[in-house]
Amino acid sequence: MCRANVIYNRRLNDRDFHMALRLPKEFVDPRPGQFVMLRPAAPEGPLLSRPLSVHRFTRLHDHVVLGLLYRVVGRGTAMFSRWSSGTEALVLGPLGNGFRIDGKKQEHILIAGGMGVAPMGYLADCLRGRNLGGQRMIFCLGAKSQGELIGLERLETMGGRLHISTDDGTMGTCGTVAELLPGILGGREPEAVELYACGPPGMLKSLASSLPGDFSCQASLEARMACGVGACLGCAMTMRTDGKGVVRKSVCRDGPVFDLREICWDEIVIT
Amino acid sequence: MGVEIGSLRLKNPVMTASGTFGYGEEYAPYVDLNRLGAIVVKGLSWKPRLGNPPPRIMETPAGMLNAIGLQNIGVKAFISGKLPFLRNFDVAVVANVYGETVEEYLRVCELLTATSGIHALEINVSCPNVKKGGVAFGTDPEMIAEVTGRARGVTDLPLLVKLSPNVTDITAMAAAAESGGADGICLINTLTGMSVDVERRVPHLKNITGGLSGPAIKPVAVRMVWEAARTVKIPVIGIGGIMTAADALEFIIAGATAVQVGTANFVNPKATLEILSGLGAYMNRHGVGSIKELVGSLTT
Amino acid sequence: MGVEIGSLRLKNPVMTASGTFGYGEEYAPYVDLNRLGAIVVKGLSWKPRLGNPPPRIMETPAGMLNAIGLQNIGVKAFISGKLPFLRNFDVAVVANVYGETVEEYLRVCELLTATSGIHALEINVSCPNVKKGGVAFGTDPEMIAEVTGRARGVTDLPLLVKLSPNVTDITAMAAAAESGGADGICLINTLTGMSVDVERRVPHLKNITGGLSGPAIKPVAVRMVWEAARTVKIPVIGIGGIMTAADALEFIIAGATAVQVGTANFVNPKATLEILSGLGAYMNRHGVGSIKELVGSLTT
Amino acid sequence: MCRANVIYNRRLNDRDFHMALRLPKEFVDPRPGQFVMLRPAAPEGPLLSRPLSVHRFTRLHDHVVLGLLYRVVGRGTAMFSRWSSGTEALVLGPLGNGFRIDGKKQEHILIAGGMGVAPMGYLADCLRGRNLGGQRMIFCLGAKSQGELIGLERLETMGGRLHISTDDGTMGTCGTVAELLPGILGGREPEAVELYACGPPGMLKSLASSLPGDFSCQASLEARMACGVGACLGCAMTMRTDGKGVVRKSVCRDGPVFDLREICWDEIVIT
């Protein structure tokens, strides 16, 4: 648990914010796909910390800067949105197993629905930072409407190709991001591409069903969390095992990134 | 800071609560386990348990509901896979024991008794999230006395019995555990609660109901500890919403010999250690030489 | 928004909870009493009661403890001094009735039945802060059935029975009240709790223990309403930590025909009216024509 | 309940603060000795509002300004201390029966121990405002030490005589404010003077016992409160009745100002 200070907390649209936190240099470098548990330092607000993905990360001389992208959906995120420069926070992390990066792949397809763009920003940074520039990044971004397509400017500067879909057709293809996939994958070899996805469960589920059988996809899942470290077993997700059985894994410790094909959708609440 | 519960000697009264500290290893990066009074591990059953389907938790005002359903790797995998790590530390390890039947409780107790590195058993007759055993046993004094008595017969380890607050009269349950031969009573486990997603008109938990823990339940827990400590002669271990040293002191002053810290670990992984140092500071400030002087020191 | 509880017709399901809204007049500057579903007045006994010595309240995490001890001016002074004010409003007035003995309950019921301007009686067999009557009755199904049955014999007013959550099995208590002839069941009253001033090592309340109310207890209350509503055929009225329309909806969807708002009045005197308008907004948003469609609409 | 905005929230010393709130003009003019129930507008912080006395009050063209003086003693007041200009709050009030002002009295003796100075500031303003200038005000101020003697500058400009005591003798007489009283009352006629007191229960109790039998004193009491309007009966205090019996009165509705001689000290916790 380390103390952090809000550097800025900018509103991006009706309900999305970008927050930068200053953390002590002891905070270790996150891997892409990892997350933190965030709460206020003041003894107010909800009991439990809230999980947020690492969206950006910069190591400076005597401190580090953690960038978070979040959407106001309830009490905790509404409280975050009231923070201002200087507000003290507590951060536990980085937590979880992030995305696996396979240097041998030629193309990296990053698929984000809605707030799913949060971990993808940092994944893109890492892919670029690891000199995988020669290899191509392809971004598939989906949102309800144009106003909610966040992080666009940054991804545009990354040099990858950008596919966009909106539910209402206000930008890009009209439809969900999962519908973009077949078009993109057409003609590509499973061995040559790596897929990464993050987004609401409904999107991941349709992604799973539209994914050709020989492609795999690393998907970052969300679950309500209490501890974030594997101690409470509250964030369990049901996964298929090879032997056709099921097993319960902790999203915080065994994930949040799982093989999309492992997920047992019967027990996931699609909202 | 040392306290005794039967033949169990703890270097201090701050323990972790079962199910909130994993098998110790999860929090080892944050907490020097050597400094804890004891680690109570996640509830162990004879066979591995998948636990309940998700969603399993939901936050509530100053609390949380959980319906984990005693997911665990089973006592054998615990002994082979988790206990060796804990043996590296100089800390009392307490195994929380669960069974669907009295026989299952006894088998788990027997195996743990035959294992080195276990310092006490905590019989969980209070889990609200399982169909058999658990709270079904913990609301019936005769069952409590029977489970305790028969466990007593198969183990010479210090025997703790963890009680449920979902009862009309906690003193009857405490007395039953004492009569069964318990060395100490732990209370409280969670209060049964429920939370509804009004937009979708479904329960937030797949299991419908769950156990309520956290600061919200502290007043109920302190009251029950106070009632139980005035009823039985064996030590009482206080649990429920302890976040700070002041919270722990409420329990101790009301009659608890030791305390267990649960949900607070989730909120602040260092909670146990901060509570410990807070207890020390309080004792200095009040000129209290031994924590035992504080146990049950409430003036009414 | 109208609902019926026996022959009691309420214009909407939002009532105030006994002991948290005084005799109505205290909140009249803030709330148009005509808009409430019902006002449940402070518990009334035959003789005036001084209540418990102070301190009587203490805040707790997301809740509060109270040990008022049913301080009240007595049923006669209520009828002569307080009821006339309430008669000016077009709102159902429910009298919360308390007695140290069954006979006292009956006398209060009889007098109130003979009085105009009382629309229903709520038998309080659940006050945790009095030595006799109250929760001592409310934890025993036979006593609940007896008090209810005998009250039924002396009144033709709609008869509600308010239950205590400090029991192992709320369904047994609910069934007892139903068998005694109640028209509705109100739950929950407060959970018994305690809080310690650790600096002075004394209880925060002079009465030592008190009743826990507020958001902290909501999950327990929702669970009990859900259990009770599945057990009895008469309407259940949900109480416990309702602060917002969403909270009220949790109870209604879990099975409550109406709700009572308690501690929330202290925090926000307009809480009842804001809950009411929030219910309306929810019904519009979800295309629900009558609140009755929502009662017990939980999908499990 | 009305919405308020923090204008400023100044630290006076280690634990005392002066906060000014902007309130809509509908807020009615308080009487001296009245109080408000204060809580944050954001759904964070402790459940219950906290009672604070009106310390200053100014009616302006389109709004009013409420001044509060408070000491950080626990969770609620600690939260207040973190508020800054612009923070939204909710205020219920003015509440309670304030001090009775008897225009026929020639001298008004205002006795404050510690934070008891909060209501006295506004009482002094009102006494001056009611053109009781011809009559004299006498202030008796007590505190732990000089650093905690707050509101001094303002009272000095009021034109009344000032008696000061500190527990540690760092300013004025060494001792408690109650010990000042006999000296001040000596030679004065009970009919000519009015006494007003506010302070910790211990101080009020010793005041009660050092008050000559023919003098009365209006004392403002404190009790833990939930509703502030007489509905919960949580703030009850035991009072003596003429017939030697006792009665329980609500500090919020029947008080907070009571005749010092009415108070039944047996049931009051002296901390």
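Read from first to last, the chains carry the letters A, B, C and D; within each, the first residue is number 1.
In this section, a residue touches a chain if its C-beta (ideal position, glycine included) is under 8 Å from a C-beta of that chain, and two chains touch if they have at least 3 such contacts.
Bear in mind that the values here come from a model prediction, so they are computed numbers and not experimental data.
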Least hop count linking subunit A to subunit C through chains in contact: 2
Distance between the centres, which are taken as Cα means, of subunit D and subunit B, whole angstrom: 47
For subunit B paired with subunit C, centre-to-centre distance based on mean C-alpha positions, whole Å: 34
For subunit C paired with subunit D, centre-to-centre distance based on mean C-alpha positions, whole Å: 36
Between subunit A and subunit D, centroid-to-centroid distance (C-alpha), Å: 54
Multi-chain contact residues (two or more partners), subunit D: none
Shared interface positions of subunit B, touching two or more other chains: 62-63, 214-215
Chain contact topology (line, ring, star, complete or other): ring
Chains that touch, pairwise: A-B, A-D, B-C, C-D
Touching residues (chain side subunit B, partner subunit A) in the complex: 19-22, 26-27, 30, 42, 50-51, 53-59, 62-64, 66, 68, 71, 200, 206, 214-215, 263, 265-270
Subunit A - residues contacting subunit B, complex: 1, 39, 46-49, 90, 92, 223-238, 246-248, 253, 267-269, 271
Subunit B contact footprint on subunit C (complex, rising order): 60-63, 65, 139, 166-169, 191-196, 198, 201-203, 208-210, 212, 214-220, 222-223, 226, 241, 246, 249-250, 253-254, 282, 294, 297-300
Contact footprint of subunit A on subunit D as seen in their complex: 42-45, 75, 79, 82
